[in-house]
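Shared chain: chain A. Partners: chain B in the first complex, chain C in the second.
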Partner chain A sequence: MSAGAFAFFMNVPTLIFLGLVLAYPVIYAAYLSVHQVGLAQLRRGVFAFNGWTNYGRVLEDPLFWVAIKNTSIFTVITVGSEVVLAVLIALLLNQAGVWTSRITRFLILLPYAIPPIANGLIWSFLYSFQFGFLNRILFTLGLIDEPINWAGNPDTALYAVTVPYIWRTLPFAIILVHAALQGIPRDLYEAAAVDGARAWHRFWHITLPLLRPIIAIILVLRTAFAFAVFEEILAITQGGPGDATWVAAWYSYKITFSPPNNFGMGSASAFILTLMIGIVALVYMRLVYRRVTL
Partner chain B sequence: MFATSRTTKLILHIANLTVIAFILLPLVAVLIGSIQSEKALQADTRRLLPLEFTLDNFTVILTKGEQKGRIFEQVTYLPDNIKNFYTAFLNSTIVAGSVTILTLLFGSLSAYTIARQRFRWTLFLLQANIVARFVPVIVLMIPLYVVMRSIGQLNSLSGVIIAETAFLLPYAILILAPYFDTIPAELEEAARIDGCSRFSAFVHVVLPLATPALAACGVIMFIISWHELLIPLILNARPDVMTLPVVIASLVGDVHVFFNLMMAICLLALAPTVILVALLQKYIVEGLSAGAVKG
Partner chain C sequence: MRDDVIGKWELSRRRVLAATAGLGLLGRSDLAFGQPSGPWSQPPRSKVDRLNFVVWTYGDIYTRIAKQFEADWGVKVDSTISSFNDHPTKLTTMFAAGEKIDVSQSSPFSFPNFVNQGLVEPIDDLPGAAEYIKDFTPFTKQVATIQGKTLGLPYFSAVWVWNYYADMLEKLKIDKPFASYDEFIEHCVKAKKDGVSRYPVLWVAGVGLEQLPGTWYQMTWNRGGTFFDKQGNHMLGAGSVARETLKWWANTFEKGLDISDPESLKVQFTTSAKAFGAGKNLYRGPNHHYGLNVANDPAQSPIAGKVKVMGSPGDGKTIGVTHVYFLTTANRDKEWGWKLLQYLGGRTKDGTYTQAIGLAKDAMLGSGFTSVMQSDAVKQGWAPWGDVPAILKIWDQAAYIGEVCSSVYQPWHFPWTDQLNIEVQKCLTGQITADQCCDNLIKGIADAKRKV
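Now for the complex of A and B:
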């Protein structure tokens, strides 16, 4: 068998799966987004073409723009804090002489094991106004006199849902930075120490520049995934109070699966979300392809 | 590598304790919540540690609601889905297990060709996989629902397995490809000279060497599949084919479910992947960095 034929046959299963469950549905979603599709039409299987109507209705919907605004705030907060925390904690894990760092290193991957929906429910227990664990801790420490309604207050709800998300997804970023730190040659630091550079200077002039490629990758990956946050929203706030935590994925989900089940508009809004993520994905591909290896 | 004066060390210890406290906070909450009664939670809303210690929450879930125990004696309403715990646990195991096997099987075939056979289309396939990794489930939920309906795979475990395999396949390929790239090609060439076919050189020479990568990829696939909510939520509505995340999600909007019961079922659902992470940490760390950096 020739190399080409062999390579082709090895990829037949992958091509079938990707074609059936990814490529075809993406095209089909595009098709649905320019047709009028409700439950009745879905049952009959006949959809009337309605051009850009679905997109028009999505873009005219004030709730959609609230969702986009909330998603953007959510993304900036989660991705920003994750990058900063990941670098700090990875440096902390790297301290060979500090015995508590070994405990942290042992525990660091734990949040990765928690199902997102369970994570959401656990935090909704933590945040609960009446029975919440967080308020209990603060009462016990004597920090508050009245319970705080963390996720039920429109002013704080969006910030409240960022914390569980950061908690769950931070290990991934820490692992990547920590792995990159291992790749920095020791003698760079030794040379700097001979030159009398202080710790802060060594971080700023050696560590940080060498971490830049991995930080860029984390930024892009986490941005793409934070745009599509769903489980924590479902478990903690269901978009509420009011529209304070409506995010883009929640918008598509609600438009589609709660009455009046507008599949066309749901597809259109999901497609706008895809477009935003697609731009991020292209940036990622350029990063990976430039291969700024450490 | 940093100056280690006593003050610096103290600051680093405090930083570590803060991080540890943050990691453990939700886990302590779920533990304490799951061993309390509804009454105890309501009785004193400022108390940190439980007034009482009870395993009734677990008993009621694990006996499908038959043994209600003391704290549920007067409770008339229990969500049906709580009673389906065993079915859901079994379904989750079947789905995650099958998805792991299928993604490893098909993923290694593709990853190997991408790493070894440098054609223009294999490069294109790699790029397609990188882009596919970004496609959020939410975008495909409607067409996926329609496609699965038309091939009769709604309300079935096989439908969920097919969909999740396709969603995870690109990620599996991205984790495996860089590893195959590091295996020296001379080994297969030697096997080929000895009369092995391309395929049997792959199966008998390359795959055994790739065991660490297969372990890393497999455990990551199992964890992601065990956690997946949206795909089974959209495709399966019947209780007998629900997975654990769907059962947990169904409690969110339920008429009356109290935190103690929710925390107990969350604890039971997160236990398997916590055990996996504790045991196979090294592999997961390797897989995560391979899949993100070396595309």
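Now for the complex of A and C:
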């Protein structure tokens, strides 16, 4: 048996598992997206083919485009903030002079271990208009005279839900960047120091280029997840006030699981979202994931 | 009705015993109580190993009723219980997946959809059904009867009332609560001006099927308007009562009078009762009557006993609603499913409306049965929390919500309500005008119909 054939043979169980767990539901959803599927049809298992009708109805629904706009804003803010904060915090942790205890490292990782829905509920309490902890602190510090309606004001609601999301997902990015920083050879910095490079130049010409591959991975992964944000929306705003925090996943959920339960249209909206994420991922890979030359 | 019946009804053993003793004392002078010789006491001829129901959470009523059913009939009952918001999703996904479901429940807003999608089994020909139908209140008849078929038994009923904080009114040196909408504004402006309350009115304007929409429906109905006429044509055009009501309502928010509590846009029925219990508002806008059992509960409200109930201005017209239990078409045995349905929404083996009476006595919920509404379960059970004669008087002035907004009978009402929540919240937060909101909703009717 050739090495290639052996490798394929060894991967067969994994491929079967992934096929059953991931590919089958995705393919089935694709099938549903081109059929007329309500509750009764789903139970009977008999669906009428309706071509691209579901896609057309999604694309002509103004609420879908509001959801896409909100999702894009949410994604830009959360992913951008995560990358910048992750690099800054990882650089800090990577300093030889900065000692972090196990408790500190645990606390840094802790938000990532919190279930998203619990995180949303915690922040909904923090944001509460009259009784929330956040307003209480700001009021006590004399920074505000009246409570701020963080999650209930259409001008602030979308930004308000980005904060809990960033808080929960940031540790993942920090871990990746920190690991990548530890893989950068020290002699590059020593050589740069001999050449008289200042800290900023060392960061710009050595650290950042060598972090680019991991940043690309973070961008792709975090963008995909941010595009699919759901739990924080469910727990904090449920899309409101008005449509201020309707995001793409919330749209798909409502279309699919609220009466009249249009599973076909819900699947179509999910596939349109998937396509958008795929395009963004390709753009990232072309722009950021370049061969590193120093 | 998002959280209205969640987490506020903890039934202790003592209360169960007290309720049981109360039932014994009341005897059988009332139709609501023991009629052991009826069809509800006869065992079905078929046999089943187990039954199940899919419901939304409410205290421990389902654990208790399942145990009682098992004890009475020797059949195990499995329950799938989710939150109110998750219930339609849970039910529909179980149904779509081909699972067995004997009994479930519905708000009147989801019900036409469930019927339309083939989830609901008619019950007219089942033993004892005719007697239940005779005992239905007018609300129940309007929810449970669709196209001449009876499709469910009532879970509970509620009417929309106003609440006020008596001490705050006294502090303002105002003798009695408002009797007109102009007076309402005067009181609120005075409360704000005098520094007694920063936000004198708390509305129920959180997203939902009957929260924010219910507030608008109620005030429109009270002013003599509806949302659709008898032919199904919308009544949202220029100069309509609904549109003018919305203009008035929006003006109470930030960019107008600024007397409405911003928290209004998030709260549901029970959360608004809890928030009102903090004593920061003068009035609590029209909403389900049973919030009094939270606002006047010393364990949950610092102003317990000071929250009073009042009717609506003018002729006092208000609205009401009934939620239902139903037998699903995915049942494993129709006779046994019917038996279980009666335990939830009808009589238990001893002929008593056990569940309805318990809900009235312990949670201040109204019943969909006339005999229960006329019984001491309501008169005595509600007394600790509010002025029962006043509430029952309001009850007599209530029309079923379907008379105000007849689209509740249509499957497209649900997606249209999604849009209504969005547009009205945008209006209340000053993003669009009431005219734009109503114009968008008129356009949205056709879109909602296409979604069904």
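Here is the rule we use: the second predicted complex is superposed on the first by the 250 of 294 C-alpha atoms of A that agree within 3 Å, B and C clash if a C-alpha of one lies under 4 Å from a C-alpha of the other, contacts with A are read in each partner's own complex, and residues count from 1 in each chain.
We take it that a contact is a pair of C-beta atoms (placed from the backbone, for glycine too) under 8 Å apart; a residue touches a chain by one contact, two chains touch by 3 or more.
These figures come from a predicted structure and were not determined experimentally.
Asks: Answer with first, second, both or neither: which of chain B and chain C does A:239 touch in the superposed model?
Replies: In the superposed model, A:239 contacts chain C only, not chain B.
Asks: Counting only touches as set out at the top, which of chain B and chain C does A:42 meet: first, second, both, neither?
Replies: After superposition on chain A, A:42 lies in contact with both partners, chain B and chain C.
Asks: Pick one for A:76: touches chain B only (first), chain C only (second), both, or neither.
Replies: The answer is neither, since A:76 touches no partner chain.
Asks: Looking at the overlay, does A:143 come into contact with chain B only (first), chain C only (second), both, or neither?
Replies: Once the two structures are laid over each other on A, A:143 reaches no partner at all.
Asks: Output check: A:217 vs chain B and chain C. Expected answer is one of first, second, both, neither. What do you get?
Replies: It touches chain B, and chain C stays clear.
Asks: Tell me which of chain B and chain C touches more residues of chain A.
Replies: Higher number of touched chain A residues: B.
Asks: With both complexes superposed on chain A, which partner does A:131 reach: first (chain B), second (chain C), both or neither?
Replies: The answer is both, since A:131 touches chain B and chain C.
Asks: Check whether A:152 is in contact with chain B, with chain C, with both or with neither, and answer first, second, both or neither.
Replies: After superposing on A, A:152 lies in contact with chain C but is clear of chain B.
Asks: Which residues form the common part of the chain A surface touched by chain B and by chain C?
Replies: 42, 128, 130-131, 238, 257, 263
Asks: Mind pulling up the chain A residues that touch chain B in the complex?
Replies: 1, 3-4, 6-7, 10-11, 13-14, 17-18, 20-22, 24-26, 28-29, 32, 42, 88-89, 92, 94-95, 97-98, 100-101, 103-104, 107-119, 121-123, 125-126, 128, 130-131, 133, 135-137, 139-140, 147, 164, 167, 172, 175-176, 179, 186, 189, 199, 202, 214, 217-218, 221, 224-225, 227-228, 230-231, 234-235, 238, 249, 252-253, 256-257, 263, 266-267, 270-271, 273-274, 277-278, 280-281, 284-285, 288-289
Asks: Could you list, by residue number, the parts of chain C that touch chain A in their complex?
Replies: So the residues of chain C in touch with chain A come to 88-89, 92-93, 95-98, 110, 113-114, 116-119, 198, 206-207, 261-263, 265-266, 275, 278, 280, 330, 411-412, 414-415, 418-419, 421-423, 425-426, 428-429, 431, 447, 450-452.
Asks: Could you please specify the touching residues of chain B with respect to chain A in the complex?
Replies: These residues of chain B touch chain A: 1-4, 9, 12-13, 15-17, 19-20, 22-30, 32-33, 41-42, 45-48, 105-107, 109-110, 112-113, 117, 119, 122, 125, 127-132, 134-144, 146-147, 162-163, 165-167, 169-170, 173, 197-199, 202, 223, 226-227, 229-230, 234, 244-245, 248-249, 251-253, 259, 262-263, 266, 269-270, 273-274, 276-278, 281, 284-285, 288-289, 292-293, 295.
Asks: If we count contacts the way the header does, which residues on chain A are in touch with chain C in the complex?
Replies: 38-40, 42-43, 57, 61, 63, 128-131, 146, 149, 151-154, 238-243, 246, 254, 257-263, 265
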